[in-house]
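Two complexes follow with chain A in common, the first pairing it with chain B and the second with chain C.
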Partner chain A sequence: MHHVLVEQWSRGRSWLHRRDARAKLASLAVVLIAIGTIRIGAHVALAAYFALLLAATVAARLPVTSILLRAGTVLPFSGTFAVVSWLSGDPQRAIALVEKSYLSALAALILISTTPLPKLFAGLESLGVPRLINLVVQFLYRYLFVISEQAQHMRLASRCRGGGHGGFRAANQNRFQAAAGALAVLFARSYGRAEGVHRAMLARGFAGHFPLLAPARLSLADGGFFLSALAAAVLVRFVL
Partner chain B sequence: MSGSPINPARARKTLIEVRGLKYRYDDGTQALDGVDFDLRESECVALLGANGSGKTTFVLHLNGLLSGDGFVKVCGLPVSKENLPAIRAKIGMVFQDSDEQLFMPSVLEDVAFGPANQGLAPDQATSRALQALDQVGMAWASAKAPYHLSAGEKRRVALAGVLAMDPEILVLDEPTTYLDPPGQRDLLRLLKDLPQAKILVTHDIPFAQALATRAVFFEKGKLAAEGSIDELLYEFDWRLDPRA
Partner chain C sequence: MHIPDGFLATPVWASLDILALPCVGFLARRAQRETEETKLPLLGVMGAFVFAAQMINFPVGPGTSGHLVGGALLAATLGPAPAAIVMTAILALQALVFQDGGILSLGANVFNMAIAGVLAGYFPYRMLAGSSGASRGSRNLALFLGGFLSVLVSACLALIQLLLSGVAMPGGVLGLSLGLFVVSAALEGAITVAVVNAIDRLNPTWIKAPVRQPRRAFAWIGMTAMLLVVGGVLVASAAPDGIQSLANQTGIASQTQALLAAPLAEYQVRGLNSEWLRKAAAGLCGLILVYVSCIGLERLLRRRTAPGA
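So, the complex of A and B:
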């Protein structure tokens, strides 16, 4: 599963992994603003951003090919709008949409691949993200595991009882019929499971806040990292 | 002066006192229908009964995860909203499905979750967690992700998660589920060594016989009988082989 792998990557020990989540979040914001506001057709500047992000991936000792491929998961969405732009006679905008969305996804992926989630959420909270929103996102993420696990169990059970067999058309028809019924069951089961997880959390004193074992402290290196990211982003944005 | 001899069981401190507990689920099912129950220091009580007889619903009332009509007192504290943090620190609940209990990204963070919620400083919570992991023989897995562990290992880590909170009472809901016989044997040995009073919800009769000091039998939301496990098995015809 993608999220499991990303969580494993986030437990690395590189220089980038050791930076404070707040410094990385602020740097990400700067990079996203720079990429988002750059003029259409600035391919050299966007290539420079790509090179910087690639360098960060290598420095963080992340698997380059996997990271580059996973960042592409955003393309079906931005690609749809790019096609619309292309068909309406604006191919430059279409290309920019694809370039910018891919680079933004890559930057965000590097952040979550180098920052364990509890630290990331604590960083968001200390940067002023409302606690309720933060909590909702955390639960959403945790329950993704629950739902995907339930879905896998049900898929296995369906296949064990012959789901998906027969000719291509029959198999697809059966599969869709089974999937439609399974969705309702999946929801009910996931709900039950999520309730169980929540109960287990309450039983161990959960009061709406995920505790951190290593409280974050901003260091000079974190400040240096943010200033470097800021300088690089601004330089590329205004010079190239 | 002639006095009646003191019953050692009665002399021990009562840790849990439940009177007239009733609970009805939203769908109308009367899960508990007037349950009276006591647990004393260093006791291990097995809760027996058919599926749906109210055992798990009952234990969920002990730390306020469910709230029905009646009276529940834990270590002298009535189970009420203001006492919940203190009560949840006194009752360590190990759930049937360890996957539901292990929700943090690493074993150490998961085991430290309880102590950290109790307000311990991060280094103290970490040290408590490491101590609990050592107690269950899982210190080697502290940096691992819980989903990489076997069922038996998950069960041990789940147990460490509640031991790290230093509870006075352990509630174990079907602790042998998913465990192979060596895993059950290891768990039994581990639980026997723990000094806490225990409530054991189980269908695993040999396990209950090896661990519990007495048993109660749930039937249709009521506590139908109380006694030794052998007596209850005979009374309710729960023996695997009635001729034996």
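So, the complex of A and C:
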């Protein structure tokens, strides 16, 4: 699974990794709003944000090239719209679309690669995200890879039985029905798994939230980090 | 279509974030009421199921295939409020962890896919398959319409938001993307019908038959609102050049440079100084009002009809 890499990165020990999730989330919000509201054509300011984010990546001892490449997953989408914008005579906007979406994705990626997910979700909850949604997101993430693996096994099994072949219309219809059946089976297995998970949780005394190994505390360094991020974002936004 | 950050104009993403927050809060409370604590892991695992379902390809024609999006399927199996929560969780995870869709534009994506998309998928089901004696044919029709509308409404809303933000799309591109949306919406409808029927064969209790309540009128209102959204985009695509040039001239985006300095209300007024844009924004606001009042009325009526509950 490609995502496992980010989880490995998030277990680093740098100064940025050790900051409280809430401070990092608030800083991310500030940076995203600053980037999101900047005027079209503010290339210098956007370059400054890029430099800041790059500095954060280096400071967190993250693999710079991989981070920069991974943030590019947004480019196919924004690139398509940029080409359309460019062709319809608005090249400035086209460039801005690519710049802004890439920088925003990079900022979010740096947060997620420096914050282990349990800490991130605990931070989100103490910032006021409804408990139900927070729990559902965490369950989703926990079982995402399990269910995906099951889906992959089913796909492989169907290929082994010859499911990927044929091309006539009748065969096509059969394959459509077979895919629907496969999804129904996956649904049934997920349903059963959810019931099993719930029983196991009850047996272990689940009290309504996932506990953290160490309670998160805001330190002076966290406050300092947020204030410096705020100052840098605002300074670049209004001076450059 | 997950809108990344940097695409939407500030008033668009800010107002949709502000709108989505109370909606999600309301849905979360309602989902918590509807699903017992025992079902809590179910919502998460169902989200993982929808994620994983993208790996199973449905053949469409030679060389092409599609996959399940899931809004209507979730609405038919879990009920509308839990389905909306599951979709919200999926979108939040995609934005936070997988960089698929922006964080500031999460409100817009949640509104398009988790709120409007799930409701659009649920309304036909509620109207046509409402009674327990509904025939198989009408249930299939309802499921197809649900899948079809949920994808089409989400896509049209995303297009409207992009156009309002001044992202230029010439008529040809708009027409082409609408055509693609209609095709993928029809595919989603067909997949929803096939999968729900297959689930029904495995265990009929997993399909939630909506109970008939005196709330059908609101379902009709909601349905009309959905159709208006789709109709609005179709009309817009008929005269896209006008929209595009207007959006470029008055583009909300280019005029909203000082978010941090001015309150939101001020620049909505300042930004919307063209007749057409004002109308479009008013239309969107009207639609949003219809949604909110639908939910409010529904709640009121529920309280009145079932004072004990």
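One rule holds for everything that comes next: the second predicted complex is superposed on the first by the 183 of 240 C-alpha atoms of A that agree within 3 Å, B and C clash if a C-alpha of one lies under 4 Å from a C-alpha of the other, contacts with A are read in each partner's own complex, and residues count from 1 in each chain.
Assume a residue touches a chain if its C-beta (ideal position, glycine included) is under 8 Å from a C-beta of that chain, and two chains touch if they have at least 3 such contacts.
Quantities reported herein were computed from a predicted structural model and do not represent experimental measurements.
Engineer: Quick one: classify A:Ala45 as touching chain B (first), chain C (second), both or neither.
Structural biologist: neither
Engineer: Which partner does A:Pro116 contact after superposing on A: first (chain B), second (chain C), both, neither?
Structural biologist: A:Pro116 contacts chain B only, not chain C.
Engineer: Which of the two partners, first being chain B and second being chain C, lies in contact with A:Leu53: first, second, both, or neither?
Structural biologist: neither
Engineer: Based on the superposed arrangement, let me know which partner A:Gln8 touches: chain B (first), chain C (second), both, or neither?
Structural biologist: First partner only.
Engineer: For the overlaid complexes, name the partner, chain B or chain C, with more touching residues on chain A.
Structural biologist: Between chain B and chain C, the winner on chain A residue contacts is C.
Engineer: Looking at A:Ala214 after the superposition, I want to know if it touches chain B, chain C, both of them or none. Which is it: first, second, both, neither?
Structural biologist: A:Ala214 sits against chain B, while chain C stays out of touch.
Engineer: Quick check for you: in the superposed arrangement, does A:Val31 touch first (chain B), second (chain C), both or neither?
Structural biologist: A:Val31: touches no partner chain.
Engineer: After superposition on the shared chain, which partner residues are touched by A:Ile67: those of chain B (first), chain C (second), both, or neither?
Structural biologist: A:Ile67 contacts neither chain B nor chain C.
Engineer: Regarding the shared-chain residue A:Ala21, is it in contact with chain B (first), chain C (second), both, or neither?
Structural biologist: neither
Engineer: Figure out whether A:Met201 sits in contact with chain B (first) or chain C (second), or with both, or with neither.
Structural biologist: In the superposed model, A:Met201 contacts both chain B and chain C.
Engineer: So chain A touches chain B in one structure and chain C in the other; where do those two contact lists coincide?
Structural biologist: Comparing the two interfaces on chain A, one with chain B and one with chain C, the shared residues are 117, 142, 193, 197, 201.
Engineer: Applying the document's contact rule, which stretches of chain C touch chain A when the two form their complex?
Structural biologist: Interface residues on the chain C side: 2, 4-7, 10, 13, 24-25, 28, 31-32, 38-49, 51-53, 55-59, 61-62, 68, 77, 85-86, 88-90, 92-93, 95-100, 102-104, 162, 166-170, 173, 190-191, 194-195, 197-199, 201-203, 206, 244, 248, 253-254, 256-260.
Engineer: Touching chain A in the complex: which residues of chain B?
Structural biologist: Against chain A, chain B makes touches at 60, 63, 65, 85, 88-89, 91, 93, 95, 97, 99-101, 103-106, 108-109, 112-114, 116-118, 122, 125-126, 143, 145, 147, 161-162, 165.
Engineer: Can you check the complex and tell me which residues of chain A touch chain B?
Structural biologist: Listed in rising order, the residues of chain A that touch chain B are 4, 7-8, 11, 116-118, 142, 145, 149, 193, 196-197, 199-207, 211-215.
Engineer: Contact residues on chain A for chain C in the complex?
Structural biologist: Contact set of chain A toward chain C: 3, 6, 28-29, 32-33, 35-40, 70-71, 73-74, 77-78, 81, 84-85, 87-90, 93, 96-97, 99-105, 108-109, 112, 117, 120, 130, 132-133, 135-144, 146-148, 150-152, 154-155, 167, 172, 175-177, 179-188, 190-191, 193-195, 197-198, 201, 234, 237.
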